[in-house]
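Comments concern the structure below.
By written order: A, B and C. Residues from 1 in each chain.
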Amino acid sequence: MSVDALKVNGLQKSFGKNHVLRGIDVTLEPGSVTVLMGANGAGKSTLVKVICGHQRADGGSMTLAGHPFDPANAADAIRQGVVTVHQSIDDGVIPDLDVANNLMLDRLVERSHGLFVRERHLRAAAAKVAAEMGIDVNLRARVSDLSVADRQMIAIARAMARAPKVLILDEPTSSLSATEADRLFALIDRLRDQGVAILYISHRMSDIRRIADRIIVMRDGAISGTFDTAPLDYEAAVTAMLGHRMTDVDVAVQSGSGPVLELSDLRLTQGAAPINLEARDGEVVALVGLLGSGKSRLAEILYGMARPASGTVRINGENYAPSSVEDAVAQGVFMSPKDRGTNAVIAAFDIADNMTLPFLKSLSVGSLLSAARQKTRAQEMVGQLGIVCQSVSDGIGTLSGGNQQKVMIARWLLEPAQVLLLDEPFQGVDIGARRDIGRHIRATATGRATLVFLAEIDEALEIADRIVVMNEGAIVGEHKNQNVDLAALVANISGAQSTATGPQP
Amino acid sequence: MNDRFLDFAIRYGFLILLFGLIVYFSLAAPGFFGPLSAAFVLQSVAITGILALGVTCTLVVGGFDLSIGAVATSALMLSAYSMVILEHPTVVAVFLCLGMGALVGLINGLLIVKFRVPDLLATLGMMFLLIGLQRIPTQGNSIATGMTLTDGTVAEGTFSAAFLWLGRHRFDVVIDRLLPMPVVIFIGIAVLIWLFLGFTRHGRLMYAIGSNERAAALVGTPVNRYKIAAYMISGVTASIGGILLAARLGRGDIASGNNLLLDSVAAALIGFAVLGAARPNAFGTAIGALFVGILLQGMTMMNAPYYTQDFVKGAVLVAALVFTFYLSSRRSGAGH
Amino acid sequence: MLRRHFMALASAASLALGAGAATAQSAPAPLDNPGDVTIALVRYLSTGDFFQAYLSGVETQAAALGVNLRVLDSRQDAALQADMVDQAIALGVDGIIIQHGLTESMRDAAQRAVDAGIKVVAFDVNVENDAIPQIEQSDYLLGKLALEQAITDNGASFAAGYVYVPGIAPLDRRHVAWEEVKAANSGITEAARIGTLDNPIANSNANQARAALQANPNISVFFAPYNEFAKGVKIAADELGIGGDLSIYSADISTADIALMREAGSGWKATVATNPAVVGEVSVRALALMLTGENPGASVIVPPTLITQSFLNDENIRNMEDLGSKMPQFQHADVAMADWMPLPTR
């Protein structure tokens, strides 16, 4: 009988009032791949950080191969046999050294290693490691010159040089192509055969289908599902991940008038399936999909930040191919980006300046800004969206997250749009602000087509007239927001089958 | 109560300190207080102040321009070369210098936005390049009327009266021949940049770029164009500083301009602290330059030795940076 | 090399100097075959008019002798300068001129060159070696002559402004003269002392001088023993509108300074200078003497010349070349000479 590699019992962790881990129980077995799923903010990364020693738990315990395990820091965790390969690969490799040195780096750090590097010795040892791991690259190549996949392999090979009991892979395929991912999976298969317990964090259903022996799902800081009987029930896993508390928001579904935005045979990347989509005047369309489903890419293409591989976009019948964000805005396509902290908020500015930033031109006389007009317009929006602030001259940093997001949305409602794109508008927003934003978006929808990019189903159900599901760069389902077949919707998201309860354009 | 005191200190601390200095020097150094002395202080800070206003524009977009000192001395040499050796009229010499400044700014900007060279490195390279380049046409010699050229002829051109007027003319204000031309130009540029940065949409967008470049780009701001423009403004103001320097000295004096660079950067950074702005701003930069000027004038009049000047400049700068970064962060912390 | 223009004047001047016969005698070995002789100039300071002129003097005298000249320029890198001496030794040069530098870094390098059998002279740096003659422009005399002229013009009782930055060797030596004159003349008082080497030097000193003059309106004489200082004081005096009432005495001179001294109403009354080109020529000649086995003496002093505003105006002197032709003692110093020594043609 094999002892469990890692056992986590009742793990607790809070940040201030925010209870992130609420008693997590997880068991990892040797020679098995456990996939950890969970939406953003479910607590996955905190769990990983506790296991790999970056953070200490507030409560609960862990055992490693039967012995108590409480790493003081990351180095301690590695020494005891828990190794993590993080999402950003360059944490795991030294880009300016060659492959051989990277593979042998951990040995160079050991005190038992002599003062001088014996070059021939090092290369021979590195060649051996590379062969064992099935890595086929020039050992003298600089790591920074290698492909992302090769770098990933080297990061994992470095981790394996420690002969770990537990290997944690945090979204390893997020920047890999399909063939590159295949090579990674082959390596993971080999490690599994060697008896390593692997914790694999991913959103990509295709990955999960390929390698999962079992699936653990987290939601709101707790385990919401464990699936370990073959065949694995992937749809149930997605349901457990997304949850869908029925919302008490009633959406009076509009089908809209004439078409505003038309996508014809649009391929997001070379080799992706063509996308055909129509969004009508007055209609709010939610594009739902997991991370990597292609919805961010679609938003970037529509906003002039990226080019499609092929296909056409038309707005009101005219061809639309923006050369830049500036161009897109000039043609009436506005976007409120996700991650407002990095992509939208100007921390040094007050509320009025933040809100009016895109349309300073129309608030100027010649080049001279009219502070009075800025304030008046901002004041109007504060009233309409119910932004809680003392004055529009207050710094943006004085607002709560929800109110900041309202300002960022208000920014794009100052002037009429042809197409309004909202990427994750409810990120880091409390329920009250979410309702306010949704209501206002729907109330002002006439005169434009609105596309909302979302990962959460219940958010989509609150705001959309129509829900379009994306997976692997393609549209795999479309549902009118009326008596939605949630099971079918979840199946679409997890990539099980392609169904549609609404008309396919 | 405590918060309000802190807020008051951050907002008005530097202006009160400035006022205190003026009172102190007026009492301690006879002849310090008066229009003549004020005009002199302004004159001594005019050139570094003009450079500092340019560097303020690059600081606003989150950049930095190390080449301004070298641009100024290059303009100094170029104006001398143009008038003394090529015997150009004043207008040609002035436009050559302004064009050179704009071109250097454009190249700096392109290096930074198109070739992705970090701003400090790009402008550092440009600085060295210019320090060398300005000496090549004269093989390291200063330029003056009557100098012998490499081909054996004598340079017959002179700095025209109109050009020298730019550096030496004094307007009658309160008393005759009081206000020097460079001061008028300094004040003019300060007002222009103050209006531009504070009250035009271009200025607002430049501040947005400096605070969050990605967010500014995502609302459709042509970020690259604004950044290049900032470096061009910096280059042109630096060349104006060089023209005034040439007109004051009356010769093309080889010099590295390092002190011009350091003094003007100090003025711009001290400006962060004025009125608790905690960010680059034209008004603060002008006050910062003035602050240093008053301090140095007063100390010289009290016979303080030369090495205390750098010490005092450094102390003022450190104090200003503490004002800006420590006190302001405490204030914003208390605001939540 | 710059002087085609002055050929006519030059032949007259060289006759007057008696230097025209210099090539009459053939030089002793090894300079009878100068094409085989190589000398090296190892420089510490090179940026600026003075150093440029010094170099041209070295070049013209070396060309007149017909020897090969290698110029090694360390650009104020003391360690590099010492390495360059070693480099010159390795190149097998016959003689080395060390131009400026730090005693600490150059002492051992100079000794290595002497040990290698190479003749060495040093200009304005003390390498503490008996085998190495010092070429000097007498900074003390520069200060002294300027101050004597100040007393001649203004009497022995005045309030003076003084520009001084301690720690700079030539300025320290000029300072000795100032201290002596003050001690000897109780009527001379130092009302204000300023001075900075911030770049651009004239501009920075103008700002300081203005404050000093404003605080001490009784100052009638300014002793600014360096031409950039004097220029700064003059700018300040002109800006204050007291250019005619203030007398400025300085050291060193350049073409631009001549123009400033001759401006209408200029307060710059006199300067004392050694022609840096002449110092360069003397350096090469002293080295040439050593190569032929003669001893130029432990120290070779190039005497300075007093140049007054009235002399410049009377002779209508416009630039350094005019000054050389009108003031022969400024064009040529009669030191480190020999009958066989060819002089640069002028």
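As a working rule, contacts are C-beta pairs under 8 Å (C-beta built on N, C-alpha and C of every residue); 3 or more make two chains touch, one makes a residue touch a chain.
Just so you know, these numbers come straight off a predicted model, no measurement behind them.
K.L.:
Moving step by step between touching chains, how few steps can get you from chain A to chain C?
P.N.:
Minimum step count, chain A to chain C: 2.
K.L.:
Per the contact rule at the top, check every chain pair and give me the one with the most C-beta pairs in contact.
P.N.:
B-C
K.L.:
So which chain ends up in the middle if you average the CA atoms?
P.N.:
Central by C-alpha mean position: chain B.
K.L.:
Taking each chain's centre as its mean C-alpha position, how far apart are chain A and chain C in Å?
P.N.:
Computed value for the inter-centroid distance: 73 Å.
K.L.:
If you average the CA atoms of chain B and of chain C, how far apart do the two points sit, in angstrom?
P.N.:
Chain centroid spacing, chain B to chain C, equals 35 Å.
K.L.:
Counting in whole Å, what is the centre-to-centre distance of chain A and chain B, each centre being its mean C-alpha position?
P.N.:
46
K.L.:
Multi-chain contacts in chain B: which residues touch at least two other chains?
P.N.:
Residue numbers touching two or more other chains: none in chain B.
K.L.:
Sort out for me which residues of chain B touch chain A in the complex.
P.N.:
Those in contact with chain A are residues 195, 199-202, 204-205, 207-208, 210-212, 214-222, 279, 332, 335-336.
K.L.:
Enumerate the contact residues on chain C facing chain B in the complex.
P.N.:
Per the touch definition, chain C meets chain B at residues 2-5, 46-49, 52, 165, 192-196, 198-204, 206-208, 210-212, 214-215, 217, 231, 235, 238-239, 241, 254-256, 258-260, 318-321.
K.L.:
For chain B, which residues are in contact with chain C within the complex?
P.N.:
Residue list for chain B touching chain C: 29-32, 36-37, 40, 43-44, 47, 73, 76, 139-142, 144-150, 152-154, 168, 170, 177, 180, 245, 248-251, 253-260, 296-297, 300-303, 305-306, 309.
K.L.:
Taking the complex as given, what residues does chain A use to touch chain B?
P.N.:
303, 324-326, 328-330, 335, 337, 342-349, 353, 357-358, 360-361, 363-364, 367-369, 395, 397-398, 411
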